[in-house]
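First the structure, then my questions, so here it is.
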Amino acid sequence: MSTELLVHEDRLFPSDPGVRALARDLYAGVRDLPLISPHGHTNPAWFAENEAFPDPATLFIQPDHYLFRMLYSQGYRLEDLGIPRLDGGAVETDTRKIWRIFADNYFLFRGTPSRMWFDHALSFVFGIDKGLSPETADEIYDTVEEKLAKPEFRPRALFDRFNIEVIATTEPPNDDLRHHDAIKASDWGGRVITAFRPDPVVDPEFAGFADNVGKLGALTGENTRTWPGYLAALRQRRAYFMERGATSTDHGHPSALTADLSKADCEVLFAKVLTRDHTAAEAEIFRAQMLTEMAAMSLDDGLVLQIHPGSLRNHNKTLFETFGRDMGADIPMQTDYVNALKPLLDRFGNEPGLSIILFTLDETAYSRELATLAGHYPTVKLGPAWWFYDSPEGMLRYRRAVTETAGFYNTVGFNDDTRAFLSIPARHDVARRIDCRFLAELVAEHRLGEAEAAEVAHDLAYRLAKSAYKL
Amino acid sequence: MSTELLVHEDRLFPSDPGVRALARDLYAGVRDLPLISPHGHTNPAWFAENEAFPDPATLFIQPDHYLFRMLYSQGYRLEDLGIPRLDGGAVETDTRKIWRIFADNYFLFRGTPSRMWFDHALSFVFGIDKGLSPETADEIYDTVEEKLAKPEFRPRALFDRFNIEVIATTEPPNDDLRHHDAIKASDWGGRVITAFRPDPVVDPEFAGFADNVGKLGALTGENTRTWPGYLAALRQRRAYFMERGATSTDHGHPSALTADLSKADCEVLFAKVLTRDHTAAEAEIFRAQMLTEMAAMSLDDGLVLQIHPGSLRNHNKTLFETFGRDMGADIPMQTDYVNALKPLLDRFGNEPGLSIILFTLDETAYSRELATLAGHYPTVKLGPAWWFYDSPEGMLRYRRAVTETAGFYNTVGFNDDTRAFLSIPARHDVARRIDCRFLAELVAEHRLGEAEAAEVAHDLAYRLAKSAYKL
Amino acid sequence: MSTELLVHEDRLFPSDPGVRALARDLYAGVRDLPLISPHGHTNPAWFAENEAFPDPATLFIQPDHYLFRMLYSQGYRLEDLGIPRLDGGAVETDTRKIWRIFADNYFLFRGTPSRMWFDHALSFVFGIDKGLSPETADEIYDTVEEKLAKPEFRPRALFDRFNIEVIATTEPPNDDLRHHDAIKASDWGGRVITAFRPDPVVDPEFAGFADNVGKLGALTGENTRTWPGYLAALRQRRAYFMERGATSTDHGHPSALTADLSKADCEVLFAKVLTRDHTAAEAEIFRAQMLTEMAAMSLDDGLVLQIHPGSLRNHNKTLFETFGRDMGADIPMQTDYVNALKPLLDRFGNEPGLSIILFTLDETAYSRELATLAGHYPTVKLGPAWWFYDSPEGMLRYRRAVTETAGFYNTVGFNDDTRAFLSIPARHDVARRIDCRFLAELVAEHRLGEAEAAEVAHDLAYRLAKSAYKL
């Protein structure tokens, strides 16, 4: 691997010299804008406690299911990568050994975004200009380890250096948000807000659902064994989250189904799911109803409602039983929006002040259902290319499929949506480059003026995320 | 916005200089060919009466759901845009005020085909070289208004200037086609033909279905309360339409489902739908059967059968109740063809003389089902990229997905499919440019010879539409 | 058609001069690598008997459903092309006349891969540099006919000249594989292996299923009227095929459905399908169970399991009744993998040593389901773009959709998958060119180093097919 590749100045720009020059110009206007990160999964404890990050393997590999899923696909056991087993069984603890497995197999990531993010982090964060390989594994391990011990590599210092204007974490309703309180109480000025992710208390198939609802009652003083008490408790927690900066809720359901049941039906269904006396179909309807309830609450409190549907979580049964959730075995499914969202939209689709941001793992929905919904309903906006599609090709397909019907202004800018803190600058940089590339192509083909394109580039990189998420 | 953008000579061509030169050459060979418009929704009264068009807002904005859906998506009320309410409630009547809303928000259309069509109309039809913006709004309004009052901006003059060789309108079976008769009787030579769109009398869920069937009986002297009488009446109206130039029928069903029921079953089903004693599933089967009946009639009379399936019409309940149909809230759905068309194709799929043109709003069907069906069945051809996909990216995706399996000669050239008369030259121009661009890429990559490409370009721009629609 | 087009040295490379130069360099490194053909449908009798191929029409047109489906779609009768009717009715026997129909309509293939393969065969195999047209039809017919009579155009000579290192044919379990034995016993060194395609004995809807299972019993001495005897017979035949070089099995089911029934349920179901006392749904479940049984056997004997789902075979009823299977009327359907494969993967998805290669005719599954499954499960790899997508655009879409999630190393190189022997060099050449083009684009956009790209190009053209298929 040639070292200059790690962060080539023109990476991701079109190869045609004329279009590349346009892309460069547009990018120059947005590359140094602050990062708005309205949806993600970083750990607020990092910023509250500001401890040094652990060793390179524990920092990079173990929390990143993009990385270990690829190694797993080629026959490595998760135990070999130090992923903890639920039964506490033995796993590799020699982090340098784990790092070498990664380095030996780094070629597997050719052509993937993980490769780009990792190279960018090495270069941008650690000043390393050599690519990872079996030959450089130890040297890079040592350099990263040494730097991580320094004060300027602690979470808050990196946050500042990354030029993050605001970042949202994601917490469940029963979280006490103590880290957010600690950050606020500290003398550090970084803006870290929470987001309200109620899956554990609104999804009857979430592990421990009934217990979670019980704790929600204990926490709020509401009787969450009744439907009205349950809703009141949720409302109370939303307010609690809003006091810690939350501007949005997030919903990770298997589908985008919504429902609009009568209060009587809701009460019957709630009693069933609380006592686990429900079918899979009833669990689905309950989640569907809860999306509509969340929209109703958003009408009152103004939280932006995000729907992230379409993943069949924990597809690998053995892995789930051995290691638990989020082990890189979530597989997207066909996802319907046009029928699924109708009950919610029939009730609230035209309400001024309500804002719903839709995401998808089914790219076929972009031009067919999502751009058409976002291009019509005042309440609906379209989130950026998500998860497997948070990638150069994914983002290009997104803009090409969406723009002609929804325009740019029914989209909401970029989400990094990650727990891999060190990849955040790289991810925003990829989005800015790809958007500038797309715009440069429009300019080169005389579909957009250059001054307009510069304005749109700024909107996509900064303004739209701020306004869509009320930041 | 730079003024030169409005109609740059090289718009939509590839940016690579070599390929652009090839595209230019191919385009030069087709740019001035007459326009064949075999399917669309212009109002025949325009050409019959040849009155001046109304003011700019009423001309451009109010009939164009592409335009007002975007404004609606950003929070404007349809009342503010002068769209009439069903209850006769107050709406904005100051057309200059409506125009200013449009101008203030014209940036929303960046990257959309509406922007391209509108700019083209300003420049090509009205000779305006400034882009619409808050600053130019009044000046452009005045210029357009002034020109619309002149004889050379009346419908017939524009028709001639647009170089339209033939245009088809679309009418329901109970229409008396008086405007077509008037055009024929006039001294004007423009060729305006009708097309037979029987949805109001073959779709049990169409508003007023039973009444419409009753009127069909009155109009034809057939007893449309019986299945044979109903079919005979339809046959009679098809003949009436053919006398007014019709060469095609058109069917806008929710799905592409076809059926092949026994006569006895048809009679039972017809009785049900006529008395509204049917389920939604029975309505769907009735429509399905009627596609097959229409194919049977086409075998006799030669009308080309067009199927436009896959839109969930009037998705926005409140808007539908307040303003009626066609308010920009039609959302595409997943659409199956392979199973849906089998009953019809099992019966008629190999009949010489029958011609079925398929359209889709589900782009995933292009390469999977539509190109494979059109590349095999002698009765099946594939219509152009439709509706939301009547756009540069949409057309490119279409050619790239379809050509390798169906070739060029199982497609039928371009349809403008619009009621926005002033956008017709722009739409054909976009199609010609994109087809030439696609062909130029094939030539540049040595997949097609240049002389062959020129022949194909001519076929796509002119010949195929004439032959596929028997014009 | 300009003659230089037939095999332009730069065909399929990107038009940008810089990227084209990169593509050329990468291609130069792989163009002369031996061909690995791990899955296809050539006739082993050709290589066993080494007889001269028949006349041009019989060689090129009649066995190639890509060619005659296009002619059929434009109104030619299959009888006119010499395709034998099941009833023995009269068909055209004048092969020169058939050839002229093809030549007259050769323009229909513009933009299709058939055109590219045919031109390549004319030029590369027969040294003809004129394109086929009405004017050149007879001359080309004569030249091809004359050459086919020469020794150096016999199957073995062409095999050697094509630089085929190994080719797999496909046979049903009851085949005696005598041709493979004859090849092995001959003094010719070409490596022709078989592959085990059990559809006729595992698909209850395959013509003659029960008879086939009976013959399987007779052949193996097992009692195939019992479930254990049936499985034992299949195991025995797999061993028989492995002795003739087989390294893989292949399964052409309508869907990718798998099942994991109890032994008791299997016995009941087997009794039903054997006596034709089954519903369509039960036939589907039986096929689903048999995929899982085949995976179980693969765990023992190491055969690689290929799944080719998603085609609605013989869609054209009349054609099927008149001419039989494989008449160009197989139409792809929407295909689910994420739910369909779960039963099999729940049981065997993490087994070291098992290898499953997935194919699709539903391109929407690439990024959504297939890259995500292959990028996680150690047992799952992704086969190349298949059938209608074995084409330049199809392969580009494949790489663009798949690589970012699955990388290159969860794919398996190229399959020609053809019975058109003379097209094999062309098909591999297209794949190599398109892969080099894709890689050149990554290099030009600084997403991959040039040396790395060269290594990947070699892997895609040669190494991956050998390792994935254990060749």
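Per-chain numbering from 1; labels A, B and C assigned in written order.
In the analysis below, a contact is a pair of C-beta atoms (placed from the backbone, for glycine too) under 8 Å apart; a residue touches a chain by one contact, two chains touch by 3 or more.
By chain, UniProt protein names: A, B, C = Uronate isomerase.
This structure is a prediction, so every number in the text was calculated from the model and none was measured.
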Chain A (Uronate isomerase) onto chain C (Uronate isomerase), rotation angle from CA fit, given as a multiple of 5 degrees: 120
Interface residue identity across copies chain B (Uronate isomerase), chain C (Uronate isomerase) - same or different by half: different
Inter-chain centre distance, chain B (Uronate isomerase) versus chain C (Uronate isomerase) - centres from mean C-alpha coordinates, in Å: 40
Residue numbers of chain A (Uronate isomerase) (touch at least two other chains): 14, 16, 334, 364
Chain A (Uronate isomerase)-touching residues of chain B (Uronate isomerase), taken from the complex the two chains share: 1-2, 5, 8, 10-17, 69-70, 72-75, 107-113, 116, 131, 312, 315-319, 328-334, 361-364, 388-389, 391-394, 397
Complex interface listing, chain A (Uronate isomerase) residues touching chain B (Uronate isomerase): 14, 16, 18-19, 334, 336, 338-339, 342, 345-346, 349-350, 352, 364, 367-369, 371-378, 380, 400-401, 403-410, 441-442, 444-452, 455-456
